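We just call them A, B and C in the order they show up, numbering each chain from 1.
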Amino acid sequence: MAKSSTSTLKPLFLAFLAFLAAVCICYYRTTYFPLYLREEVRVVPDHRLAEILSLDHRGFLADMYFIQVSLHSGSLMWKPLKFQFDSDWAYGMMNVITDLDPKFHTAYLFSGMGLIHGLNDVKRARPILEKGMAVFPDNWELPFWIGYDHYNYLEDYETASHFLWQAFQKPNAPKAFLSMMLSALRESGDYERALAAMQVLIAGTTRESLKSVYQAKLIQLQNLAHLQKKARDFKEKFGRWPERLDDLAAKGLIDKIPQDPYGMTYRWKPDRRMVVMEPRKTTP
Amino acid sequence: MTEGKPHIIEAISLGKTYKKREGPVEALREFSLQVEGGEILGLLGPNGAGKTTAVKIIMGFISPSSGRVLLNGCPLQPAMPRPAIGYLPENFRPNPNLTVLEYVKFQCDLAGGSINGPGKSRALNLLNLVGMDRFPNRRISDLSKGMGQRVGLAQAFSGDPELLILDEPTSGLDPVGKSEVIEVLLAMKQRGKTIFFCSHILSEVERLCDRIGILVDGALRFLGPTEGFKRKWESSDLDECFKREVQWAKS
Amino acid sequence: MGKIITISLVTLRESLRNRLFIGLLIFLLLFFVFSVYVSTLSLGTVARFIENTGMVGISLICLAVSILFGLFTLYQEKERNELYVILNRVPRSSYLIGRFLGTSCIIALFALFAGAGIFFLTWSFGGHYTPGLFWAVYWAVLEFTMLTAIGYLYYALAISFPLNSLMVLCTYLVGHSMNEAIQSFMGLGRFGSLWHLYLVKAISVLFPNFDMFDYRLAIVHDEAIPWTQFGLSTLYWFCYLLAVLALTSTIMNRKDM
């Protein structure tokens, strides 16, 4: 019996030693003689090729590509100093992902939210989010994120207000972004819409103290809208924009420049062709 | 041919040529044979003589290049089943994932016919006949080659066929097994069955056959009683006669 | 009819006892684990990820069953010379149909098991109740029974098993690339010769079009499949299958075995 157990253990022990040796050799080679590592090549596949390769499992391939992109984006969070985020590749992949599965809602959202790492990313995200808007016409989130990105990153209030207004019109759009939309509308000079939004804000507020503040802001917006309209009337009538707001009064389009409830000054900006509100300058 | 009754099997000038890459290979030529009802006819020949080809043509699995086959006087319909024939092919191995009883019952269900009762009891009777009644629930993959061959014989007998065509029926069997199979085949003959089988084991041929056919290189060299073959070569040793026949044919 | 059912039942029984059956079940379970693992990287869309990965699992398992149970057992039967014993008793077409039915049952069994597993995982891990997944099972059964029938056709043409399995794989690939390939090659054909265009059209007609059973995105997005599309796809399957099986029977009846 002892003889047979020895004859089994010996080759097993030999096998174990040989395996250990192989592991050690492997470790030694990779540690002391590393291979030249090529820079990682990231390729955006052609969307039709991707469809063919998916073998009708487009959803699955879209998911796998999505994981790649999200991991790439996540790597920036973990290694911000060492990692170079490849926006062109990431957004190219998001384009392919949304071509493979046009109803992959999270992918559109991710393009507008999680993948924004720089100002140029906002421009890259927009066509993808717009693609999503065509697929999900009743979804408020997609136009919201276009608006949000343009508002916060690019300070492009005109674009921001356009998309935030679209988002606001969608069913089930929350009122949480009304303030931002109002700000964007005001900054871009779209006072008519700002007025409508303010009225919604007032209607949705139950706190009296807040209501009185909003009422004052409503008056401000009414003033601005009125002045802007009169400036357009001036343009229609005289073929040019006014130089200052006083021109409107001089030409009889307004009686006088209205009083701001907070004492702000209304000024005409000829370069932006809109009325703006500025703090009154106090002379020392 | 007994008066008024057609031959059970009648092969008329059968020929078969296979088209191979190296050129046509004539496996069978001018093969003519008749099997009478109630007899045991053995077809002998060395390896590659064309025995299996002849059997497959008779069974309708392959079509002859020339000639024709009549079964009970009717022309053979190729690709049609012949449930009245019990067939055991060469190197047969039954389905390894079934038990012995399941397999024989399966074949009984396919064959139809009756041998002492329906379904399971029929199968058990067959297993008893071939000496496998002690292992009905054993998986076929666990059987030895000889035991598998016995299962093969059992399936050949299922459906109670009038004609049995067996290709190397004792292949893989031990001497005791071979003897048992021979006894079974003789018992089948007593019941009026016709048996046509291929073999190259001369001792069993001598014991079993009423007539023998000698096939060498695709041509039938002899067809007749065993004694007649011995007289032809003037020897009482069948083995010796066979060797001389083969040598003469090859020369 | 009785003999066809006998053969299909035996096919089913031998497949269930085959060790490959356990192996494929283990593969399926591992695939479930993989799908749950992958879903953890999904940024909140767990159910979707499990469903998509699960449907890949269904396809893979059914493909394996088609080749390993559908085709390999046929070749093994011929190698064991058991085929001749059976063909001695039943017509070749009955044998073919019996085998096909048995294999179809195994495909359906695996697909159902996989579908149920994914349904359970989606519900447990994704919090999403998706009975529509069982439509994925239905379409998988249609797709892979069709593929098995094509494998039988190649078998009838006396093609060896390795070549047959390779050709079945190629048929699977071509069948799934049909729409995209047609769009690509038709575009090329317009600038090439008319014969090129006819050739591409002929290939698209002769080869099975598995895109007819591709409702995966609709299932993942919980969209209802219109009854007209359902009917047309099922009718296409029925007609194509009938044609392939009839052709295979004809070839088998005329060929030397």
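Rule of thumb we're sticking to: contacts are C-beta pairs under 8 Å (C-beta built on N, C-alpha and C of every residue); 3 or more make two chains touch, one makes a residue touch a chain.
What you see is a predicted model; the values in this text were computed from it and never measured.
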{"item": "Chain pair that, of all pairs, has the most C-beta pairs in contact", "value": "B-C"}
{"item": "Centrality ranking, top chain (CA atoms only)", "value": "C"}
{"item": "Most distant chain from chain C, judged by the mean position of its C-alpha atoms", "value": "A"}
{"item": "For chain A paired with chain B, centre-to-centre distance based on mean C-alpha positions, whole Å", "value": "83"}
{"item": "Intercentroid distance (Cα basis), chain C paired with chain B, Å", "value": "40"}
{"item": "Intercentroid distance (Cα basis), chain C paired with chain A, Å", "value": "44"}
{"item": "Residues within chain B bordering two or more other chains", "value": "none"}
{"item": "Partner chain C, residues of chain B touching it in the complex", "value": "56, 59, 61-63, 79-83, 85, 87-95, 97-98, 102, 106-107, 109-111, 152, 155-156, 159"}
{"item": "In the complex, chain C residues that touch chain A", "value": "38, 41-45, 48-49, 51-53, 55-56, 59, 172-173, 176-177, 180-181, 183-184, 210-211, 214, 216-217, 220-221"}
{"item": "Contacting residues of chain C [partner chain B, same complex]", "value": "2-3, 6-7, 10, 13-15, 17-18, 77, 80-82, 84-92, 252-254, 256-257"}
{"item": "Complex contacts: residues of chain A adjacent to chain C", "value": "48, 51-52, 55-60, 62-63, 66-67, 70-71, 101, 103-104, 106, 110, 114"}
